[in-house]
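There are two complexes below, and they share chain A, which is joined by chain B in the first and by chain C in the second.
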Partner chain A sequence: MQSNRLGWILLAPTLAILFFFGVLPFIYVVYVSFHQWNPFAADPHMIFNGADNFRKIVFDAEFLNSVGVTVLFVLFAVISELVVGYILAQAFMKEFPGKAIFRTIHTLPLIMAPIIVGSVWKLMMTPSIGIIPHYLNEWFGITVNIGTSPVAAFTTIIIMDIWHWTPLVTLTLIAALVSLPPDPFEQAQIDGANKRQIFFHITVPMIAPAVVATVFIRLMDALRTVDEVWMLTGGGPGSATRFVGVHIFKEVFPKTNYGYGSTISVIVLYLTIVACWLLYVTMLAPRNKKD
Partner chain B sequence: MSNHDNTPLSSAHHEEEDTPAVSSSKAGFLPIETNWFDRLFISVVIWVALSLLWFRFIEPMGLSIWISNAIALALAVLIISKG
Partner chain C sequence: MKKNNPIIAIVFWSLVSFLTLFPIYWLFVISVKPAVQLFSTPDVILSDPYWGNYAKVWGDRLLRSYMVNSLVISTGNALLCTILGFFACYALSRFKMAGKESLFFWTITNRMAPPAVFLLPLFLLMTQVYAVGDFRLLDTRIGMILVYCTFNLPFAIWTLRPTLDGIPKELDEAAYVDGASSWKVITEIVFPLCRPGLAVTLILTWVFAWNEYLLAATLTNFNARTLTTGLSEYVTTTGTEWGIMATISVFTLIPALIVFGLVQKHIVAGLTFGAVKG
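Presenting the complex of A and B:
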């Protein structure tokens, strides 16, 4: 009983912080999402409008387009990061000259703030001064302009995201691979299993929890990407890179439409939770035994 | 023999045997093992999805959102009690 009370006392500050900075703002956003509220309008008061914001959102073509673009971005970015991250993790499991230096350099993008990443890539991609369009044109005769080409802008953002976040995936997968016991691999080799069989029947099932955790983190991060994209393309050209985060930003700050912006935030949170839950159910959840 | 029993692996095995099963989990019609909170969560997810789809496709035909809420509530009762 004594230790139970001590446990709660020790937990109390964390729980209080979580409540005030996590739970309370969430409840407030849900509350605001049922209101029409523009604090800078002639009438700055909140006006309760029931589910009208939710009625509006399902017909909002800009929002639906931003969801589509975001889903496409998340699919391309997260899958690529997982594949490249796994290949790099396997490479780092082996010894080679300059491994420590390469591993340090490879991890550097992780410590950069997304807004800095966006501005650096903007410098590199600006047609008149950027190094990438210059050499693409000089070596391959390809003209790239992220200000006018939707495909180039979208592709650049995916590559930027892969560059920025693959080290995180690599580090997580290295931790998972290092912790694998050698016995099952040795036994499989003795039994004559080839590399493909070992990969699919031993490695993948054993690192699945780490992979799912990594995908969770990347999925949630990618779904709320704003600053890099805002810095690099501002959501353009047109609406080619207007991800949901950027859409919320444009709705809340320039338009100061707080009520509708909150509604979009709640729906995006809902979609994020559902995506993560579906991933968990598919990959990890224990199946029901019918018999 | 006593040495063998004191190895970490054998004690881990005994611990696993002694661990009681999670009493709130049960096998219902859902394909995964769930407790009541999981089933409540699934019900809320379905309620929100149904409401949004209703707003988009059914309500313009004149059917009130309260019908969707009633369906969602019935589904929630079914999922929580038998899921």
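Presenting the complex of A and C:
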């Protein structure tokens, strides 16, 4: 076995970059989170206020509301994406003419920049120029206005997220389904198991790691989403689509509450890491270690 | 198993494809409409396209320079992340270093940070600390290449790890017995075997860097501005220039489409973060 020195040399550039652009800014944010600070004020001095920011967070209705909205968003979006993604992945397991083309088309939204996805949906949904509110009104007499209706705005964001990210779920599940061994399925059919039993007792446990990996990626990204939502609704109307990422953005930029914004970030980052670590340790790591 | 009826499959997939493509099609429709027509009844069928927006965007020297910046930054960043990620994964998969699994998990936590708050420390570091003489890292292409590593390098490491773990150690050991140097083993034996994984990593990191908006909007002001930041410049207090915005979006979409088309086939295995052995 070679010496570990070579290993550390190979890792060094990665660690250096992550230290200078990830760790140092993080230390700074932690430092600021103990201060009251508005860098754009006439008197831009940091005032140390101990754990006041952290105390404030617990009773901050706006923050708690943004956490609630985010959890609701992640639940609705990720569950719908899993269901739709699974149906599509199963459909892709069969042979039919033009399969390659359909698969390419289905993957397209994945490569679109979040900011562009936001503007596309803005172009479709803005009441004065959008096509969807126009025809919903003309054909069904339904008035949809994402600028004034919280439900419409929230639903639009969920639909946009499903449109944007279902392809990722589909691809992950295709990869999982392709690698399933056929034997257990044949055995189950011989034993007379019905479709529902096969699905819940064989398919689900076997594709579980892929599902967890998808939830992991989506959770991580959903908690820091800003671009799409900012572009489409700006977090409104009211606080209907004010997800945690947007909330922090608003706290830092329009309100310039830099110290408090840092505190929220530290807490959110901590919660994200804990959630992802639990997922990783319980579901993904044991499997990776096996072989 | 149900019988395969190709007609049903095609109808089903046409419907799905329609839902997938419609927003992209609508983007295109908006981009070929003159501003005055935008507020009339929306037509689904395109008639008499107006190419003025395209001429305007293509003729804008500023936007062209944004495009060059985007190309340089995302290509540089993708290459850097893929190569460094490869080295890091080789180290993680081959050596028995203390705490390497914690280190592996730690890398991905860099991707979880809510970006808004990290903009200011990065801004301060890049103007005041990472500076030599007159040179400041802020608003430079190299600066953006390094900043994008915070989210792309962890992704590269997590995507490449299963590939490296999948290559048997015996292969390296046999080469060492034959007297090959470590450098030779890494570059001439292991590297070629990882090619499919490396290709997927390269393309995905490229797409992520190409699509990034928030960091670019804050950490550049003129010299290194990217195409995505050009979009928001057309949302002004006096109104939004929808047509121009849609056109820039189309321009942003095309290179990503071409690059993505190149690796369509390999993409499935690359997206799964190692949960599935392909």
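Going forward, the second predicted complex is superposed on the first by the 270 of 291 C-alpha atoms of A that agree within 3 Å, B and C clash if a C-alpha of one lies under 4 Å from a C-alpha of the other, contacts with A are read in each partner's own complex, and residues count from 1 in each chain.
What we mean here is this: contacts are C-beta pairs under 8 Å (C-beta built on N, C-alpha and C of every residue); 3 or more make two chains touch, one makes a residue touch a chain.
Model, not experiment: these values are computed from the prediction.
In the overlay built on the shared chain, the residue A:I115 is in contact with chain C alone; chain B does not reach it. Legend: residue contacts after superposition of the two complexes on their common chain; A:W277 is shown touching both chain B and chain C.
In the superposed pair of complexes, A:V204 makes contact with neither chain B nor chain C. Once the two complexes are overlaid on the shared chain, A:I105 sits against chain C while remaining clear of chain B.
Comparing chain B with chain C, more residues of chain A are touched by C. Of the two partner chains placed by the overlay, only chain B lies in contact with A:R55; chain C stays clear of it. Across the superposed pair, chain B and chain C both touch chain A at residues 273, 277, 285, 287-288.
Listing the residues of chain A that touch chain C in their complex gives 1-2, 4, 6-8, 10-11, 13-14, 17-18, 20-22, 24-26, 28-29, 39, 88, 91, 94-98, 102-117, 119-121, 123-124, 128-131, 134-135, 163, 168, 171-172, 174-176, 178-179, 209-210, 212-213, 216-217, 220, 223-224, 226-227, 244-245, 248-249, 252-253, 258, 261-262, 264-265, 268-269, 272-273, 276-277, 280, 284-285, 287-288, 291.
Contacts from chain B toward chain A in the complex involve residues 27-28, 30-33, 41, 45, 48-49, 51-52, 55-56, 59, 65. Contact residues of chain C toward chain A in the complex are 4, 6, 9-10, 12-13, 16-17, 19-21, 23-24, 26-27, 30, 38-39, 41-42, 44, 84-85, 87-88, 90-92, 94-97, 101, 103, 105, 107-122, 124-125, 130, 146-147, 149-150, 153-154, 157, 162, 165, 176, 182, 207, 210-214, 228, 231-232, 242, 245-246, 249, 252-253, 256-257, 260-261, 264, 267-269, 271-278. On the chain A side of its complex with chain B, the touching residues are 51, 54-55, 57-59, 267, 270, 273-274, 277, 281, 285-290.
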